[in-house]
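Heads up, the thing below is written out as structure tokens.
Each chain carries a letter (A, B and C) given by its place in the written order, and its residues are counted from 1.
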Amino acid sequence: MRPRVAVLAAALVLTALVAASTACSSGGKDSLIVYSGRSEDLVQPLIDQFEEDTGIDVQVKYGETAEMAATILEEGSNSPADVYYGQDAGALGYLAQEGRLAELPQGLLDRIDSRFRARDGRWIGLSGRARVVAYNVENVDPATLPSSILDFTDEEWDGRIGWAPTNGSFQAFVTALRLIEGEDAARAWLEAIKANGAKDYPNNTAALEAAANGEVDVVFVNHYYLYPALAEQGDGFGARNHYTGPGDAGSLVNVAGAGILDSADNRENAERFLEHMLSEDAQQYFADETFEYPLIEGIETHPDLLPLSELEPPDIDLSDISDLNGTLDLLRETGVLP
Amino acid sequence: MAVIALPGRRAVDIPIAVIGLAVLVAAAMLLPAAYLVMRVLGEGSAAWDTLSATSTTDAVVRTSLLASAVTGGAIAIAVPAAWLTVRTDLPLRPVWAVVLALPLAFPSYVGAFAFVAALGPRGMLQDLLSPLGVERLPEIYGFWGAWLALTLFTFPYVLLPVRAALRGMDRSLEEAARGLGKGSLSTFVRVTLPQLRPAIAAGGVLVALYTLSDFGAVSILRFDSLTRVIYLQYTASLDRGAAATLALILVAMALLVVAVEGVTRGKARYHASVSHRPPEPVALGAWRWPAVAFCGLVALVALVLPASVITFWLVRGLGEGESLAVVREATLNSAYVSSLAALAAVAAALPVAILAVRYRGPLSSALEKVTYSGFALPGIVIALALVFFFANYVTFLYQTMALLVFAYVVRFLPQALGSTRSSLLQVNANTEEAARGLGYGPARVFARVTAPQMLPGLSAGAALVFLTVMKELPATLILSPIGFNTLATEIWSATTASYFARAALPALILVAVSAIPMMLLVLRERRVS
Amino acid sequence: MSDARTDPAFLRCQGLVKRFARTGGRLAGAVTAVDGADLTVARGRTLALLGPSGCGKTTLLRLIAGFEAPDAGVVELGGRRLAGPGTWLAPQKRRVGLVFQDYALFPHLNVESNVAFGLANGRKRKQHVASLLSLVGLEGLGSRMPYELSGGQQQRVALARTLAAEPELVLLDEPFSNLDPGMRARVRAEVRTIIESLGTTAIFVTHDQEEALSLAAEVAVMLDGKVLQTGGPREMYERPTDRRVAEFLGDANFLSGQARDGYVECELGRIPSPLTEAGAVEVMVRPENLALSAETGEPAEIVSVEYYGHDQAVTVRLSGGATLRVRLMAGEEFSPGQSLGLSLRGEAVIFPR
């Protein structure tokens, strides 16, 4: 009996594999392949809408922003991807620098402020996210919070700070700090925060949790992590966002953005997709559902957020902070990163 | 009546097919290493700078310390637990047998997170203790936190083979020792333990290599192991050359671990004699309740605690009006691909194990060791290596289920190999020759005599692979066909967006589904005895 | 070709050589396990292959069964060449059954399935198994698992399983060594009866000389990879052709002597000899072929006495200095220091030097 079972099982495995292999052939004329570093929960409703509107079949590969970028680099010119959609400007900038992103049509680029897109037109921001200081509501009176990120070097914050130094948005913020305050000030700031016993968290989610349960009192994160937590855990959730003052590096607005691959088979569909993501509907979706900042004119920011006009982020071109190498060197030299 | 078989002696007819298959498997297992070497060579002298940096040396030292400590801790938990659940009259023995195997089902990125939520300085435990005036618990971050989490989530790697070895071990040896006037403890240390050495070593290798490869637990518990540094190279600077250089160190460390295991394993060539009687339990007497307390404590921290935390997330989310996403498709996908991978891994392990056990020699032992080279690598390295080879050279398989299953086999083959190998060691080679003498050719002998005797080991190996594929994330994200979601990717997707409640349900289902093969294994044991 | 029924060389091994490569450590290099062994067994005969451990007898068995390939020499069975230069028959095609020292029963199968393993599928299968089980005295135990059987029962299952395949030759490797001494004699007799009743050609491998002499129609003594002598048990014991065979089969006294025409001169006096050439020889005398008396014989002094109940062994020293063992009935009492006469009462074997 048994050997027959084994043979049967082996045959089954083979057929299953062959069937599975032939099942998914990559797209024809009306298709589009997106590699997304943003998660399905956030992005899929927009994709569904796009498919409905255009009849284009969109296949999305979800993963971490950097992993998806690394995958595209390894795939080389054989990459099936048409569009790369990343969480931060850093990975987009790297892909552009490696020559993997094609120039976007000017009409598309012109729809948003030039600060939020590549100077060479190879990637474009789709939604904005602000850096904030999330604080524990029990231990911290928001009125006493400094209006500049620079002031957290004060010893009163000793042992009370958390951050996520491996996070791309954090690194973008450090780049902004270098540009605004200069190399030496940035170094001094990193060293001082480290001397204040800043605790490393693997990502923004974990950092925010730590602020909420009082493990630390303040964490430097992106603004929108708060809202799913409030939705799931109710108003009792122990952390809230604080925005540092106008023009402060701590109020940097970064983007999640996209680019079209140089090897894209479906360039036209890819352009339509980006247009869709910058449509009023989609931008409204970002404002309402993902609690991000819309990047085109005329869309209301979510009432819970400080509008961009009041936020007054530092005047920095994101093209300038997509080059991370200097920042990484600095982070390593100061021992913030291993 | 234990008999020492000398299976190494057969020089006749090493089947070419077996050698061919084993070489093929080993070649597949070397793909990631080949990719790394290629990237490192492309780096030139920069690779040398990365290697010789003090930060690298420090990370290597830290990682080695962690791997050693976790391996030691896992053995210290697993060996007594195995003995208690196999050889004694511990109350609810079969329940403990399943329960203590289950911590392996927790993905380390989920388990460690739940760990922090529960035991962190201001975690749930502190919350419970706050009426007593406990404001803060001691830090669990760093070396000891990573050590504790990894030990608790990996000790079943040792538990399973040691249990199997205890069950297959000839009790008369122990009885002989008792007859010579040795006490229980002395018998265990001097007779039982040496017999268990190959099983402990086989499990210990898996623990050590898993620890080397782990990213989830060390990143959440903030321990800068080599994988974290590698990961950083990818995420922060997309520096594939530096990442490859560091990853190659992991390959070297893996081979070192395997070499150490080879020495520890010794020249064990054993099989249980046919006169083996099913064991009669040792009466624990007054030690009954301390023994229950030991098993209970381990189960509490390694299983009940994370499961409760996840359940809490779920309930809290539901309370706030979160709706449950349907994860039926992801559950089926996970179970399906994990089953395929488990079968494929066992099938791939067989030729390597046969060669290593029945036809000992430098070639077979080299092939066997090589298959371990990938297990110490973080999933992302293996995934990117396969992306490179398949997207560019074997395009028709790229982003297919076949490649995904192949990737799982490359990543997890050692888990199947260990138990396959040791189950083959327990098969008396004379039974195979007896069948040849009765007119059966090699293939039929394998099907009718060898494979049925190996079945417990093969299923244990398959169950282990099933379990780890269920929770595998990086290779799944990168290599799966587009639109193929698993429970692990659902969990990842929800947690990256900070939705704990949405992550909780797939996480609980993942653990529950992983429990199924474990339960089947234990039930099967009971039927046999 | 001679008549199949009486074929005197049904199994023929000639010039078999088997070397093993040893790896590692100080023992590296080749070890010659079988070194030019010749062996023939007539159809329907049983042969005991006797030798100390490490003499190569198990390897010789494995060469015959096909689990090892010879480096030189041939193996033929019933006129078929099984192995030789350019010839190789796989073990499953040889019709040679091997009963292992550890029985090697299939632990996952019950007794019945073990026995039926080598049988072709067919309607008579069940009956055949039943008759085999009754032949080996295990009726009604067909559904037991191997671990539920005693050693002797396992032994008989192993035998039944081998016989079921109707092999032309049965090889038994130390078949009784795993049994208690009390059981051994009985099982031995039973196995011999079963094999002889079926007229099966069989080779028993053993290191126990008493077992070898009592078990089989013929005995072959193997030493250092070579078969030194083959013959009936009595012939082997009484007329060994090699000093080492004499030594291995029972107690032996050796004296040096000088051959003359028709006799040998030694410390026991003149012994008739078939040798015609003069020269130094060695005289082998079995202890039971010596007698002690007060009246006649060469003067000898008693050194020690070992008393066994049914008989006794007396060690004596001759005046020339040689020490000999004498085996006597238990009746007469001796004590160390006593002087008596020692004489030969049976045959002596003369080995030229």
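Please note the rule applied: a contact is a pair of C-beta atoms (placed from the backbone, for glycine too) under 8 Å apart; a residue touches a chain by one contact, two chains touch by 3 or more.
Values in this document were obtained by computation on a predicted structure and should not be read as measured data.
Put simply, the chain farthest from chain A by mean CA position is C. Averaging Cα coordinates per chain and for the whole protein, the chain whose average falls nearest the overall one is B. Counted by C-beta pairs in contact, the busier of A-B and B-C is A-B.
One simple way to say how far apart two chains are is to compare their mean CA positions; for chain A and chain C this gives 84 Å.
Separation between the centroids of chain A and chain B, computed from CA atoms only, is 33 Å.
Chain B and chain C have Cα centroids separated by 52 Å.
Chain contacts: chain C has no residue touching two or more partner chains.
Chain B has residues 448, 452, 455 in contact with two or more other chains.
Shown for chain A are the residues that touch two or more other chains, of which there are none.
By the touch rule above, chain B contacts chain A in their complex via residues 55, 58-59, 113, 116-117, 120-123, 141, 219-220, 222, 224, 228-229, 231-232, 234-238, 240, 313, 316-317, 319-320, 322, 340, 343-344, 347, 380, 383-384, 387-388, 391-392, 395-402, 405, 444, 447-448, 451-452, 455, 474, 477-478, 481-483, 485, 489, 492-502.
Against chain C, in their complex, chain B makes its touches with residues 1, 3, 5, 9-13, 272-278, 361-362, 428, 430-431, 433-441, 448-449, 452-453, 455. Across the complex, chain B is touched by residues 20, 23, 65-69, 90-98, 100-108, 117-118, 146-147, 151, 154, 158, 161-162, 164-165, 167, 178 of chain C.
The touching residues of chain A, counted against chain B in their complex, run 2-3, 6, 9-10, 13, 16-18, 20-21, 23-24, 26, 33, 39-42, 59-71, 73-76, 78-80, 90-91, 94, 166, 168, 171, 199-206, 208-210, 213-215, 225, 228-229, 231-234, 324-325, 328, 332, 337-338.
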